[in-house]
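Below are two complexes that have chain A in common, paired first with chain B and then with chain C.
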Partner chain A sequence: MTIAASTQLISFLVLSAVIVLGALGVVLLSNIVYSAFLLGGVFLAVAGLYLLLNASFVAAAQVLVYVGAVNVLILFAIMLVNKREDLAPIPGIAVRRLLSGGVCAGLFVLLTRVVLTTPWAQGPEPIGEGATIRIGEHLFTDYLLPFELASVLLLMAMIGAIVLARRDVQAVDPGTGEAVDQGLIEKARTPLLVDQPPA
Partner chain B sequence: MVTFFATNAPALVSPGLDLEQSFSQTLEGFGLSDQAARLIWLPLPMLLVLVAAVVGVLVTVWLERKISAAVQQRIGPEYAGALGVLQPLADGLKLLVKEDIIPARADGLLFTLGPVLVVVPVILSWLIVPFGQNLLISNVGVGIFLWISLSSVQPIGLLMSGYASNNKYSLLGGLRAAAQSISYEIPLALAVLAVVMMSNSLSTVDIVSQQTGAGILSWNIWRQPVGFLIFWICALAECERLPFDLPEAEEELVAGYQTEYAGMKFALFYLGSYINLVLSALLVSVLYLGGWGFPVPVEWLAGWLGQSVDAPLVQVITGATGIVMTVLKAYLLVFIAILLRWTTPRVRIDQLLDLGWKFLLPLALVNLLVTAALKLAFPVAFGG
Partner chain C sequence: MASELLSGSVPLEAYLLVAAVLFCTGVWGLINSRNAVRVLMSIELMLNAVNINLMAFSSYVDGQLIRGQVFSVFVITVAAAEAAVGLAILLSLYRNRVTVDMERFNLLRW
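Here is the complex of A and B:
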């Protein structure tokens, strides 16, 4: 075995171990912050697997999107709402754990069977650095509609998030009694209660 | 004017020095296999770049002290070596031997891992900084995109150290750092995209090659003045330099996410931020200021002196000029960054986010659109 091949094999084994153990940790750890950080580690290891498959652009995109955006936002949300509170004990926790464990094990057995019975075809040769251009061509020809639909979906999610996160503005100014304009995006406006006479 | 810009630049550029090839050939001459020679070669450029990055930081720290002193009409460090050049070494040594304190109620594991996650992506990004045609660690195809994606890992380290410190100032600093980093990454990436569109490649070597041909006239800054400004502002924000150093605003947050850190872990943050500054300056010079290019093309100079570009001596001089030019341009930008830090006040957090989302992002989109239109209209000048 050449040095390059053995390096690849070792990298593959290490990355796979990181993914499997990290994913188990994400599910099983009780501290949600640890789970979120481990999720970042799993995403990074997946990017490493893409690198081993000669898909460097996909690997970089994986790091940028999943680690840099998704995981950071998850952490952001956890840290902004993280109240240390003792969760009330759930009745019948042992049975629930047994049931969910059974469902997961059954799913695992099914997937293993699918993996073992599927005749895996040897895919085309990886094209390495040329993949960037190929991905671009596909995104703007035969995958144009899914690509655009995904961007519309994200736009909808963004508008929804803005509507949800926007501060409540009262319909009627309590000070002057005038109607307050309810623009979707907050504009610079004078404070609502500024003209209220001292009680 | 338009005809000055080289569209088929790689044909004009000589292959230049290839140290790896000559090194491998020497080792194979001693009877080593091809792969073993490569294995011995691999760590050498990495080590060299790591040393270069650390020395670059020491120089920057010294510059920061001297320039801040000049701005404030002081003398600055004077006794440690001539003109105080050894002061950064003394700083580093002090941080190295200081006691490493982990606060009692902090999360020890995450507290230690945080600074590491901040420094490693920055150092990894040096992979793609070219100092010459073949003088870079790896000419990866994704090039500049690798830097953008790696720099997006950094906020996780900041959030981690902010959370693990178990201190409200640290947590606020970490959250601010993440918000700032996410906000400014988008205009930064769009500014880079405009450059990439002109050079038809993500590779940093191709981006620089596209700017050679007519010396200073073919540099991207003339074709992308708006992009250059957007990139520079965003790079300062990503490096958390004043006027954008809100994550560690000392009047508001003590020191942000660094509050609880001491000794070498604090030094890692310090090192990371300065390596990041030098890296950003290097990338500005690569993207907009012609990288290793001399203001007058070396090929013309060699022609006027009656020398062949392929002559060994000319190649060595070309390589050396390339390194000097890259570093010179980068340090000119570092100087501007330091001067900005000591002469401008800090923006507020709402001003910072407004600037990022409501001004720079639309501007970067318009810049991208105009670049695309110009590329279609004048393919000669804008890399068709």
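Here is the complex of A and C:
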């Protein structure tokens, strides 16, 4: 994909404006549902940046995984824990925010200085459209082991998430003492460490 | 950098600066959020900033081998796993504490 340089510049400016403003909205807005939707916007804009860099495969993965999975997961979590609660005020929170803001601004200045003063090496011409094929070659030759490890990691994360988020169910009906189908009877609230009732 | 901007093409430094802004915003949100879900969102912002850096370097410095793109695919994978486990922990905490206030999650305080 080759588009005119000026078009590229304008798209870059628009996408970065969306990213920066959206990120600020994610951390600053008080309504967390708005934050979650803005986060989806930021993910989409980042996918647009990847398209500008001629990386169509990673852009597609970004849209599928981040917008399609992570953002939806976050929205589900918000809806599951959406209790309106008034947070207790903490003494000195304004000072804390200012201090951390100063630290983050300092970090930004440091990063900016590094970015602008380093003489970055000029690499070879990017391969452009062939990137997807090249990624496939990498994944099945020199990055085969990390690729397989990633699949094991995803399996572990899936099982771990199920174990952590599952409600503990009683396998024995407390009324009659008979074994019942798991999942029919749920305890309303269970502590982290469940004392098994004597069978 | 300025001459490249004037000629209309996007320099490498512009991508790095956008990523720096995104990363610092994520750090600030990570420190200051009191809602646990927002903390997870800030972590996602920081991971995306790192991904932008990887992609920019892979395109401008490593244009033929694009190892940065492979790495960002791995980062996306790990981020998905992290989000799933993080939100599961959050649900489990919410069931015990009936709150999402980070200041009241002091189970591990010594």
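In this text, the second predicted complex is superposed on the first by the 168 of 199 C-alpha atoms of A that agree within 3 Å, B and C clash if a C-alpha of one lies under 4 Å from a C-alpha of the other, contacts with A are read in each partner's own complex, and residues count from 1 in each chain.
We adopt the following convention: contacts are C-beta pairs under 8 Å (C-beta built on N, C-alpha and C of every residue); 3 or more make two chains touch, one makes a residue touch a chain.
None of these values were measured; they are calculated from a predicted model.
Partners chain B and chain C, once the complexes are superposed on chain A, both fit on it without clashing.
Contacts of A:80 after superposition: both chain B and chain C are touched. In the superposition on chain A, A:108 makes contact with chain C only, not with chain B.
In the superposed model, A:37 lies in contact with chain B only, and not with chain C.
Counting residues of chain A touched by each partner, chain B versus chain C, the larger count belongs to C. In the superposed model, A:57 lies in contact with both chain B and chain C. When the shared chain is aligned, chain C comes close enough to touch A:139, but chain B does not. In the superposition on chain A, contact is made by A:157 with chain C only, not with chain B.
In the superposition on chain A, contact is made by A:72 with chain B only, not with chain C. Once chain A of one complex is fitted onto chain A of the other, the partner contacts of A:129 are limited to chain B, with no touch recorded for chain C. In the superposed model, A:18 makes contact with neither chain B nor chain C.
Once both structures are fitted on chain A, no C-alpha atom of chain B lies closer than 13 Å to one of chain C.
On chain A, the patch touched by chain B and the patch touched by chain C overlap at residues 4, 57, 61, 69, 73, 76, 80. Against chain A, the residues of chain B that register as touching in their complex are 35-36, 39, 110, 140-142, 145-146, 148-150, 152-153, 155-156, 159-160, 162-163, 171, 174-175, 178-179, 182, 185, 202. Interface residues of chain C facing chain A in the complex, by the touch rule stated above, are 1, 5, 7-10, 12-18, 20-29, 31-35, 37-38, 40-42, 44-45, 48, 51-52, 55-56, 58-67, 69-70, 72-74, 76-85, 87-92, 94-96, 98-101, 103.
Those residues of chain A lying in contact with chain B across their complex are 2-4, 33, 37, 40, 44, 56-57, 60-61, 63-64, 67-69, 71-73, 75-76, 79-80, 128-129, 132. Within the complex, the chain A residues that touch chain C are 4-6, 8-9, 12, 16, 19-20, 23-24, 26-27, 32, 35-36, 39, 42-43, 46, 49-50, 52-55, 57-58, 61-62, 65-66, 69-70, 73-74, 76-78, 80-81, 83, 85, 87-88, 90, 96-97, 100-101, 104-105, 107-108, 111-112, 115-116, 120-127, 131, 134-135, 138-139, 143, 146, 150, 153-154, 156-158, 160-162, 164-165, 167, 189-192.
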